[in-house]
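Labels run A, B, C, D, E and F following the written order; every chain starts at residue 1.
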Amino acid sequence: MANKLTHLDEQGQAIMVDISDKGVTTRVAIASARLTTEAEVLALLERAANKKGDVFATARVAGIMAAKRTSDLIPLCHPLALTKATIEFQVDATTNAIDVTATCAVEGKTGVEMEALTAASVAALTLYDMCKAVDPEMVIGDIKLLQKTGGKRGVWQREGAEYD
Amino acid sequence: MANKLTHLDEQGQAIMVDISDKGVTTRVAIASARLTTEAEVLALLERAANKKGDVFATARVAGIMAAKRTSDLIPLCHPLALTKATIEFQVDATTNAIDVTATCAVEGKTGVEMEALTAASVAALTLYDMCKAVDPEMVIGDIKLLQKTGGKRGVWQREGAEYD
Amino acid sequence: MANKLTHLDEQGQAIMVDISDKGVTTRVAIASARLTTEAEVLALLERAANKKGDVFATARVAGIMAAKRTSDLIPLCHPLALTKATIEFQVDATTNAIDVTATCAVEGKTGVEMEALTAASVAALTLYDMCKAVDPEMVIGDIKLLQKTGGKRGVWQREGAEYD
Amino acid sequence: MANKLTHLDEQGQAIMVDISDKGVTTRVAIASARLTTEAEVLALLERAANKKGDVFATARVAGIMAAKRTSDLIPLCHPLALTKATIEFQVDATTNAIDVTATCAVEGKTGVEMEALTAASVAALTLYDMCKAVDPEMVIGDIKLLQKTGGKRGVWQREGAEYD
Amino acid sequence: MANKLTHLDEQGQAIMVDISDKGVTTRVAIASARLTTEAEVLALLERAANKKGDVFATARVAGIMAAKRTSDLIPLCHPLALTKATIEFQVDATTNAIDVTATCAVEGKTGVEMEALTAASVAALTLYDMCKAVDPEMVIGDIKLLQKTGGKRGVWQREGAEYD
Amino acid sequence: MANKLTHLDEQGQAIMVDISDKGVTTRVAIASARLTTEAEVLALLERAANKKGDVFATARVAGIMAAKRTSDLIPLCHPLALTKATIEFQVDATTNAIDVTATCAVEGKTGVEMEALTAASVAALTLYDMCKAVDPEMVIGDIKLLQKTGGKRGVWQREGAEYD
């Protein structure tokens, strides 16, 4: 790991780091987010989903579109031509939570962690938006990187996260 | 609070709810996010800030710009002409965390919770981006509404959150 | 109806027309689009929809988001704070077509025809995108205004279009 | 041609398909749209064009800019670095119609059909916007792919469409 | 005039200033830009314009669209629903320059200076883009506010600028 | 240098020029802008900067983000995946001016002049926005290319500009 803030130059000024000389490799990142709510909201969401309601589809589309717009939102991110973006939801009834998992890939000179994290965050925010009239106390947390592959450092995996 | 998902119609289809007939009031929302990292990162951030580095300013600008783009990111949000957006950072050395607080206001027909939540999230993601080379294990959490005022329901305040 | 091109000045130059002095009224517009394909594609779409697949939800979200971005796409359109946007799909098995109906509303100084037309077009293009690997011969047509209300001229309704 | 909806996974969830492993080739797509109006509007357009009015130029610029923004509008489209975009208009006085032809190209892993179709659609919508005060009955149709080249399947050409 | 930087709070942090309590008035701003080139380029532009080429129309559309996107580009600008945007070009053969004049209007709580300045700048940059292969030495200057009306301070006019 | 307007076809129609067959090289461009104001504003800016205020950081972030959005603003620019973007400010107390220098790089088929010029312009406009309440007479000028490298023509350098 680096021991300095790579996005600042020697004067402390924000820069979009020069990656012109970095090699192009396939890079994949998986990130999560978790929306915690109450049993009543989960029940409404599942009832809607069972009636083919647009609940998760809307959040999924929002997450995928946000992944593509990451470099437009996060000031020092490089624009990247994503080659893959997917969003999964998993309802966890024991904790009244919905787990969001976002996967992004690119053939590029830099990684797609921010794309996966942004996608997971926006998907969770979209679920929040759809449920906020019922439960304004919801909390989004656990936004974190689970795994990344590609680039010089190869595979990085969060302890406890298991992906094939 | 509502007991149904307001963003779905009777067939379960996603809609941008009709707010044509709602009254215009001043609406304010305050939301938080929290980036948890390790002491080493906090030290780097503070050292950069002390040298007038662009660390927090970059995240602040990202959060404010994201607030303005909320309806472009969250599919069923109404476009709103924000009249205020601010972002505050508070370093919490005991937990190695940075607290983000976003405040948004509008004179409008609907609230600005999603704007404040999106601003806080993107500000935190921007800090994450700047520090991720040092600590890939960071986690963003506590994305939640602290307070909202305006509209028919008046003031709502999260228990334990104290704002004047 | 006007007998000149309102979006050009006397020199023939494109302008965003001055609407500063126009009154604010509730304005609604309904527009359509139609994607014509073959029976095989309709069967795939319906099978996916029956399994709660994201087919129509994805196109619906795309249409709603495009409505909000109309003034960013159509050069001389005024920015408008839409108060409503909905998209409906109707499968017509006799002609192997899918009818898209978009409804937009605003409290504003100018109408929302372009928003409804853009929403319907982008929803149809999104369906096209999802089906193009199966049927590259699809055609999108019948993009037209069905009805508009509000403003000085009151209600306009296309002959043969019946909406309440 | 495929016999399944490629943009849905096995669970029917919308995905931005993984194209990481696809080869980079030169890909070109040509698409059309057609705005049908009445003789009076065509006469106004031609008079404006003859006086060097910005009629077609405005629609052309709108179409080119929309081509570049396709992946931001169509949820499951991959971002692509277009290498070419052009828009042609042809007035057809016998049917009181204007034919729009859009051509896009890319060196990339996936085709540019959606870019050409989006460009043609937005160019036609822009003409509609400029003429709608004169003729609210206009219809946009014939949005379709005329030809595409590049990729594994080589050249595809719509029957009856002849391009060199 | 103010004697402090209004876009910074007491801690020096950038803020989108709270305008919730300001009154809504009609506000207009006129701004200029000037592209200085060489006689050869002016001759090419005029020849193109005489043949009904899209030279100035393209720059005009770019300027109008940029006006609408000002709050998305300038971090601390408030989003505003512009009610008017126009761009004029004037060729000055004695200095080999093209003068750009942008006018914007809004019914709003804050002025549209930045919208007019952004529109003029982007229109000039677009002309630059179209001519840069011929003359890479071009310079854009004189980006300045000519006049603004509306708001508490009423009319402000640059000395020497005369507009009705 | 070319002796025709490359962005128009033979009919004078605006086109996004076909660069499919051009080679990929590392391309760098450096551009400037200059904001001229009065001593009082410079003093306020320096006082804010000395207190770690967000003055220059905000303008720097705006410039970097604008660089990434150039092809979305300048109609005939190709979308490019920038590999570097930096903005420098230099206060010139003798002329009461702030010099902005923007540097952009890409591995691509076309140059990044417009990206560097757009970045410098938007950074200057952002400074203008932050200071306009104090000095509405400010002028932005000297927007020009200083140097470009890469592509068939190799290095181009403005006379008098010295960069390593």
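Throughout what follows, a residue touches a chain if its C-beta (ideal position, glycine included) is under 8 Å from a C-beta of that chain, and two chains touch if they have at least 3 such contacts.
Bear in mind the structure is a predicted one, so any value in this text is a computation, not a measurement.
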Spelling it out: a chain qualifies if it touches chain A and also touches chain C; which chains qualify? B, D
More contacting C-beta pairs: B-F or A-F? A-F
Chain C-chain E separation of Cα centroids, rounded to whole Å: 32
What is the distance, in whole Å, between the centres of chain E and chain F, each centre taken as the mean of its C-alpha atoms? 16
Return the residues of chain F touching two or more other chains; collapse runs of consecutive numbers into ranges. 13-14, 52, 54, 57-58, 60-62, 65, 69, 75-76, 80-81
Pairs of chains, among all present, that meet the touch criterion: A-B, A-C, A-D, A-F, B-C, B-E, B-F, C-D, C-E, D-E, D-F, E-F
Counting only contacts in the complex, chain F reaches chain B at residues 49-50, 52, 54, 57-58, 60-62, 65
Per the touch rule above, chain A residues touching chain D in the complex are 26, 56-57, 60-61, 64-65, 67-69, 80-88, 105-107
Which of the residues in chain C end up touching chain E in this complex? 9, 13-20, 71-72, 75-76, 78-81, 108-109
Given the complex with chain F, which residues does chain E contribute to the contact? 1-8, 11-14, 40, 44-45, 48, 51-55, 57-58, 61-62, 65-66, 69, 73-77, 113-114, 117-118, 121-122, 124-126, 128-145, 148, 156, 158
